[in-house]
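In this document, chain identifiers A, B and C correspond to the written order of the chains, with residue numbering beginning at 1 in each.
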Amino acid sequence: MKTNATDMPDQNTALALKAARKKREARSRIYKHIFLLLVSVIMLYPLAWLFAASLKPENEIFNSIGLWPSEFKWDNYTEGWNALPLSFTVFYKNSTIVTLLSVIGNLLSCSFAAYAFARLRFTGKNLFFGLMMMTLMIPYHVVLIPQYVLFLKLGWVDTYLPLIVPRFLASDAFFIFLMVQFFRQLPRELDEAAMIDGCSPYKIFWVIILPLSLPAMGTAAIFSLIWVWEDFLAPLIYLNDIQSYTVPLALRLFLDQEGQSAYGQMFAMSVLSLVPVIIFFAAFQKLIVRGIATSGMK
Amino acid sequence: MKRFLRRNAAGYVFLTPWFLGFFLLALGPILASLYLSFTRYDMIGAPRWDGLGNYEYMFTRDRRFWKALTVTFSYVALAVPARLIMALGVAMLLDKGLRSISFYRAIFYLPSLLGASIAIAILWRQLFELDGVVNDVLALFGIQGAAWISNPDTSLYTLVVLAMWQFGSPMLIFLAGLRGIPKDLYEAAEIDGTSKRRQFFRITMPLLAPVIFFNLVLQTIEAFKTFSSAFIISDGTGAPADSLLFYTVFLFNEAFKFFRMGYASALAWVLLLIIGFFTAITFLTSKYWVHYENERD
Amino acid sequence: MAGLTLRNVGKSYGKVTVMSDLNLDIHDGEFLVLVGPSGCGKSTLLRMIAGLEEITDGTVQIGERVVNDLNASKRDLSMVFQSYALYPHMSVRKNLAFGLQNMKMSKVEIARRVDEAAQILQIEELMDRKPRQLSGGQKQRVAIGRSIVREPSLFLFDEPLSNLDAELRVQMRVELASLYNKLGTTMIYVTHDQVEAMTMASRIVVLRKGKIEQVGTPQELYTRPENLFVAGFIGSPKINMFSAKAVPNAGGATLDLADFPAFDVAGLQAAQEDVTVCVRPEAFTLGGGEIRTTGTILLVEYLGSEALLHTQTKSGATSLLQTSGQHDYAKGQEIEFGFGPADLHVFGADGNRIEITQTEGGA
């Protein structure tokens, strides 16, 4: 037992040490924020520049790092919309059709497969699961040529079928994997209780698993929406007629016309093509982040 | 038989779309392209058997093949570590109790979502032109700019920068991994007087190794697959002077510009083997440097 | 209502056999508890009866029907899970009604049964809530409710109380017992907790490593454990085990325990030399008993009405004594204690009980 007299200084130094540590921590937090803000500015600057350039008169776009245009040239948007042989209305309509059907296809076929892998017992399951995981690694370029030959023989080139049908056949294993990870987190006893309550495996899927997996379905829907929207290679190969072009293909047309120096319009249409992605990202940020964390991918 | 069906039917029913997709769109095409790789095929006539002709030409006479390999490997070797180091660094900054984490996380992740789009590729082209913004910024610091994209010596770096700009997705995975490290380990180390540096190498790194490994495999494969941005920035050809001749761009041109489908199939198979090789190497060596906390899930 | 017959039941996963040749008759209307340490196969057995696990060998018969190839829902049984497994996206009412709707039962009948179950379990005011809005005990009631609305001929319980805190567990135990009294339906109940088993069961099945060690009423298991495992598993505090030498003599055998004087047990049919002698902690008498020894108290656990004395005897072995809590005992205190020949259980080297043919004879 110490006396009060000897106790006091100890306490004071302890308090002082604590205060000093607090101060040090606060300072390091400020440095951290400054650094992170700096990185944020660098990250966002190209996007901001793109947006600014889409509103600038042609002669201001280059040789200026400033973002504020001397006059806002909204014409870039209206003129850009009709700058190509066909109006962007057509391209957006095309992209929307392809994207919506692809998303539906992805969700249905991948959730079926994921349910089988995560919940059902059947002979050869581990083998098939391994094969499925291997297809995650296979680059699209490897299957591109035979797929092209196949779709050509089927007379599907210059239609949307080569873009949409594969998505109804669970061709993107990433989504299967994402959903398997999610389904496995649902308690298996729910399925068993439902079995005793008289549900078939089919009914369990629709009545128990799907309603409880809305977050995973949402994540998959958003990812697949964004990727299909941005998809370039498959449309490039399968769509030759400008009537059927999707937005990314149309954007590329601007590059082919470069001589005409329509940079403002090209940037305006580029910005518009990113808008759906950014809107979905802003609205569903939480889902996207959680999706990446559970799948550990992309 | 009846019992077999009763036990398995549901699984196979749910897997039917995947089975169709796997056999028609993955396994079938892979085998078909193996066959085609031994032929000459221009899509007009039938494929003509050519034995190892394509491979012989590829390895002994086609300079562009070697160029494409060099470009792609250089890109992978530069872009993957750059992106991962960036991702890990920022993830560690974000992990330590910042309240505004979701704000930064959103900003840093956005480029990963946009990066694959044609709009960004078009933007990137303009940023690094002689009269582009990058040079304007450099001029502020008194640095003489250059035509980064039209110069074959520097063009690849613009794509490496683009890859770094998209560090967001591995960052999110690192963040999730860092969250999984129990905080009391650091507290225990703190009490033992372990330095921050030592904490990083003795606690963070070993426990994060599975995540690093996972990101490494994934990002390497992603890097090998890079296509759209290289295609747009190089005008679809691999220019300038083939310095952006990514393997995928090369393959695409052989197939869909010159219609040398047989040769392109051989290229596809070599790509498959390369990626298979890298995946296998990382998996086989992982047991020496990856420490899994739970061997089971 | 129905009884249950298991014949040569076996279970293997691939090449690993976890259970083989298990035979058991469960009588109509009894409360049968399957008990054993974790990994003993009790849950597997229950799940095989339920139809959630494939039956690899043998037959399971509910009433007159062999149910091996019958879907779970066709076996006329219901099950309460350890995690309750309430459907999170359905209200309590929907949870109760779900199985009945699947049976295509009329709306009126469903409403009648659901309301009746709600009344029995006193969950009427919870009917429109979602499971996440319920406390553990309420979830438990709903889970039970979901199983009784089916009016099955067989109830299965898989460790239903192990997620509850101690107080609630005791309360639910009583409620389950009174539910059983009311319904009189056959119930099969899995637990690792031998207190639960002893208090609720009409008969207990002790399982270990996929084998039945003993079947009997709680009293039979307690007073006549058939082997060393059951003796050690049933009863709390745990039984005392002493190794001993048995020397046959005219009327039975002489037992030599290291810390106690040797004594004769008439009628003990010991054909082997090395045996284990077990004495329950409450069978010891302080300062009394025919066969006595002395020891030093190592630890006193005071439980209120009684006290547990951990005592070390001269060989270094420890004995556990249960005695009245009315007296004070201190660590280090020397005590004398003993037991009578009728209080002991003797087991051979193979772990099986050695019978004492005549209970009394005079030593």
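We take it that a contact is a pair of C-beta atoms (placed from the backbone, for glycine too) under 8 Å apart; a residue touches a chain by one contact, two chains touch by 3 or more.
In this text, all values refer to a predicted model and were calculated from it rather than measured experimentally.
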item: Chain nearest the overall C-alpha centroid of the shown protein atoms; value: A
item: Reference subunit A; chain at largest CA-centroid distance; value: C
item: Centroid spacing, where centroids are CA-atom means, of subunit A and subunit B in whole angstrom; value: 16
item: Centroid spacing, where centroids are CA-atom means, of subunit A and subunit C in whole angstrom; value: 54
item: Set of subunit B residues in contact with two or more other chains; value: 7
item: Residues of subunit A touching subunit C in the complex; value: 187, 189-190, 192-199, 203, 208, 211-212
item: For the subunit B and subunit A complex, residues of the former touching the latter; value: 4, 7-8, 10-18, 20-22, 24-30, 32-33, 36, 43, 90, 93-94, 96, 98, 100, 102, 104-114, 116-120, 122-124, 126-127, 129, 131-133, 136-137, 140, 165, 169, 172-173, 175-176, 211, 214, 218, 221, 224-225, 227-228, 231-232, 235, 248, 251-252, 255-256, 261, 264-265, 268-269, 271-272, 275-276, 279
item: Touching residues on subunit C, where the partner in the complex is subunit A; value: 50-52, 71-73, 77-79, 81-83, 85-89, 98-99, 102-103, 146
item: Footprint of subunit B on subunit A - complex, ascending; value: 29, 32-33, 35-36, 39-40, 43-44, 46-47, 49-50, 53, 62-65, 108-109, 112-113, 115-117, 120-123, 125, 128, 131-132, 135, 137-150, 152, 166, 168-171, 176, 200-202, 205, 226-227, 230, 232-233, 237, 248, 251-252, 254-255, 263, 266-267, 270-271, 273-274, 277-278, 281-282, 285, 288-289, 292-293, 296-298
